Amino acid sequence: MATGMTTMTNDTILKVERLSMKFGGLMAINDFSFEAKRGEITALIGPNGAGKTTVFNCITGFYKPTMGMLTLKRSNGSEFLLERLRDFEINKVAGVSRTFQNIRLFSGLTVLENLLVAQHNVLMKASGFTILGLLGFPAYKTAAKEAIEKATYWLEKADLIDRADDPAGDLSYGAQRRLEIARAMCTGPELLCLDEPAAGLNPKESLTLNTLLRGIRDEGTSLLLIEHDMSVVMEISDHVVVLEYGQKISDGTPDHVKNDPKVIAAYLGVEDEEVEEIEEQLDHGTVEGGTV
Amino acid sequence: MEYFIQQLANGLTLGSIYGLVAIGYTMVYGIIGMINFAHGDIFMLGGFAALIVFLILTTFFAGIPVALALLLMLVIAMLMTGLWNWTIERIAYRPLRGSFRLAPLITAIGMSIVLSNFIQVTQGPRNKPIPPLVTDVYHIGNITISLKQILIIVITSILLFAFWYIVNKTPLGRAQRATEQDRKMAALLGVDVDRTISITFIMGAALAAVAGTMYLMYYGVAGFNDGFIPGVKAFTAAVLGGIGSLPGAVLGGLLIGLIESLWSAYFSIAYKDVATFAILAIVLIFKPTGILGRPEVEKV
Amino acid sequence: MANVSVDVREDVMAKAVKEGAIAGIVAFLMFLVFVGIETYQDINNQLVWRTRWGLLAVFVIVAAVGRFLTVGFIKPHLDARKLAKAKTGVLEISEEKSFFHKHFLKIALVFLLCYPFLAMMVFGRQGSLKYVDNFGIQILIYVMLAWGLNIVVGLAGLLDLGYVAFYAVGAYSYALLSAHFGFSFWLLLPMAGILAAMWGVILGFPVLRLRGDYLAIVTLAFGEIIRLVLINWTDVTRGTFGVSGIAKASFFGIWSFDVGAANNFNKAWGLPSSSVYYKMFLFYVILALCMLTAYVTIRLRRMPIGRAWEALREDEIACRSLGINTVATKLTAFATGAMFGGFAGSFFAARQGFVSPESFVFLESAVILAIVVLGGMGSLTGIAIAAVVMVGGTELLRELEFLKHIFGPDFTPELYRMLLFGLAMVVVMLFKPRGFVGTREPTAFLKERKAVSGSFTKEGHG
């Protein structure tokens, strides 16, 4: 697992280098670096207030980072510095899409319409920026049909096909979450960022979510997710990064992170001296279950 | 130089009036997030009430001392506007609270139309002049400062202090600030939200009545359309100072008054209103939170 | 059981009496000063006053009795109806719409096409002039303006309180350009639209980052600035005197409507010289313009840009995350809405023959916005109905001569026009805050087109 700082390996899709975010006097994120590999599910975890959503907002263009470089490398080799792109370009040009902690659907539009809005840029081009479409040229009609087919594909994948014509606001909570994911996928992203996709889901729904996310990964999209639900994180992640008080405290496979004493301490609030004790014991192999 | 000081005095006087009205806008916006379009017409209503009281007093008590007359005009105007604003809030705004944000705006615009046309219909469309109430002037060198200007500034200052005290030092003020921040939570903690909001409306209206009476005293005439432009200017003042901030409203009012009188004095009277609107636009575009306002961060 | 309901009934009555009395007292206090006392100027132009106890009594009684009836009878009746409906547990969704409902639009269109001829048949040539012009054309102008504003407010959710500015740009550009360059109406109509759209972009660009309420105020400020400039820039606009003698629109360049012209329309067709025919022509022009506005709106809603507008209204942040350039999207909404305002403006100038800044006050923007909201944001039919009711209703007041007999010869219903308009705004908002038409028609469907209830649609935060 190459963790070099200067060159990007072909595997890496997102490279976050020395990201810092300051709000007034508060340093929310401090010198945070990690890499997400292409075709993997990377999870960003940490206790509440650790700064995970802030990292997301920096990556997806809602905050301007105080410092740091966010490099996105697409499968065709082109690289983009996300902090330099305009907010909508991060999706349109760099191929990054996201979901939100507080679901942001177009509740007054139908489920199908939500998915069609996601294909806006493709359709705009096909309609000749509206003019050709308005005049009835066939290019738009074909593109529109294809858009509906793509939407239908994702509706079936997200098990929403029966509610296609219902207003998005009418859906149950779990269905709304799935719709948000389906909508993000309709933009054809290379990196899908999910902000607490399992929040509020019952265990059965979480399992469905896992299947959906794995399916997305298997089709070639890389995922970056923030999550508290360990059953999701440990089940599907290929790579876990742990944040506490804006700083990285662990980075590795789910198993590695699960047994990292620093992580345990962060979640359970163990005294600092205890952590050092445990680390010492680990080093001397006198504590069970620690594998580095 | 003296000309400048003269304009300064004029500006401060005008600004005090705008500031009083601006407080009403800012308090209502702060507590229920609604731009009360009809507030300017409440100001006009207060002026008319004062006018009518004046007429009655001078008919029945011809020799009444000016101070007493003014006091009665103020009190009755405040009672009137307070009552009207209370009724309007209960009937037209309260049912729409919290739902669709556009609906209260349309209602307020409708209310503004109703108020100005109500006065036009019941009192006639012509402007109503009254004989000057306070005529004393003082001369300091070449500068003329009239007693009415001093009165306006003094009364405004007193009221400001009183309101600052109420908002910051009394339980009512605390309830208001709590409701402003988080209405549901305040209700859960036992604040009578409906009553707090009603009182806010009444207080704003009372201040507008004072402003209306001062306006009448200053310009000597009242018209049914007086609510619109001063209303927008006062709203500009509230935005300029930072909507939701009481001292901001007053600061904004003074600034607008100064800009208006200095612009008319040194540039042209014709475009003075354009200057005010242009300032409004510029402030909103570049610093929407105003001078003393708190920036709002939307949570993503 | 009977005893209980009698007791309840008595309680309600007691409450009604109490509330009625309170209402009466409040009304008395409120109206004592403004209604009970009337100020006027006597022959010396001195301000004097007199009392109007009779009128005050009327207000008080109406308030007291009204409240009494509402609390005692109307509200209990409505509550009982709601209870009955809830008890039966049947949702009142009837799938079968009446013939009228289904074919409403077609019927309306046919009616409008025949309207001028119907008016002529019923009222005679001269009598129909009023109905074609003051009612027909006037209402259709407002329909077009409201449909234009609908693109900005109803679809994109951008609160624009200065829409009248684009109306003014259209009107003045036709007035001035036709006077200076002699261009015909048909050339200037599209030009006015383009100029207005340009202004839409210029005005929109700096302000589109603003949130809902602030956007509203800044657009109001822009509208007022334009009006004040029109008043004060007398060199160009002749200020409050306005521009008069504006050229009439010709019949597509073939026949003119100028009296005395060689190719005068009336002469060419052997019609008596009356301005009715010009007005009828204008009626069809504005009707065509309205149809154009409606057609463009409906088509655009199905295009990605239209969907982007509605998505913008629902959640701007989500739009950005989907790669939509929200600034460009907002600008197109602004510019398109402005364009239709410009069309309406130049039409207005051609019809009036005269423009002055008085026609472009903030009140006009407010009225147009009110029509959009009252009609139901985004719904073309609802807005059209709202325009007919509000504008037609107030025009109707001018006609109610018979009221003069009731209230005396000094009674001019004219004065009450705006008062009733304002009251109507307040009342409709109380009962239907989402407008007459509370639902939204989706633009794409997989299996069936289901109307989206208004409770799901957002109103936009700019």
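By letter and in written order, the chains are A, B and C; residue numbering begins at 1 in each of them.
As a convention for this text, a contact is a pair of C-beta atoms (placed from the backbone, for glycine too) under 8 Å apart; a residue touches a chain by one contact, two chains touch by 3 or more.
Source: prediction; values computed, not measured.
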Most centrally placed chain, judged by C-alpha centres: C
Chain whose average C-alpha position is farthest from subunit C's own: A
Chain centre separation in whole Å, for subunit B relative to subunit A (CA means): 50
Subunit B-subunit C separation of Cα centroids, rounded to whole Å: 30
Mean-CA-position distance for subunit C and subunit A (Å): 46
Residues of subunit A engaged with two or more neighbouring chains: 62, 100
Residues of subunit B whose C-beta touches two or more other chains: 300
Shared-contact residues (touching 2 or more other chains) in subunit C: 317
Contact footprint of subunit C on subunit A as seen in their complex: 60-62, 86-92, 97-98, 100, 104-110, 112-113, 116-121, 123-124, 127, 130, 133-134, 140, 148, 152, 155, 161, 164-170, 183-184, 187
Residue numbers on subunit B that touch subunit C, as the complex places them: 33, 35, 45, 48-49, 51-53, 55-56, 59, 76, 80, 83-84, 87, 92, 95-96, 99-107, 109-114, 117-126, 128-130, 228, 232, 235-236, 239, 270-271, 273-274, 277-278, 280-281, 284-285, 288, 298, 300
Residue ranges of subunit C in contact with subunit A within the complex: 296, 299-300, 303-305, 307-308, 310-311, 313-315, 317-326, 440, 442-450, 452-453, 455-458
Residues of subunit C that touch subunit B when the two form their complex: 26, 29-30, 33-35, 37-41, 47-49, 159, 206-207, 209-214, 216-218, 220-222, 224-225, 228-229, 232, 317, 362-363, 366, 369-370, 373-374, 377, 415-416, 418-419, 421-426, 429-430, 433-434, 459, 461
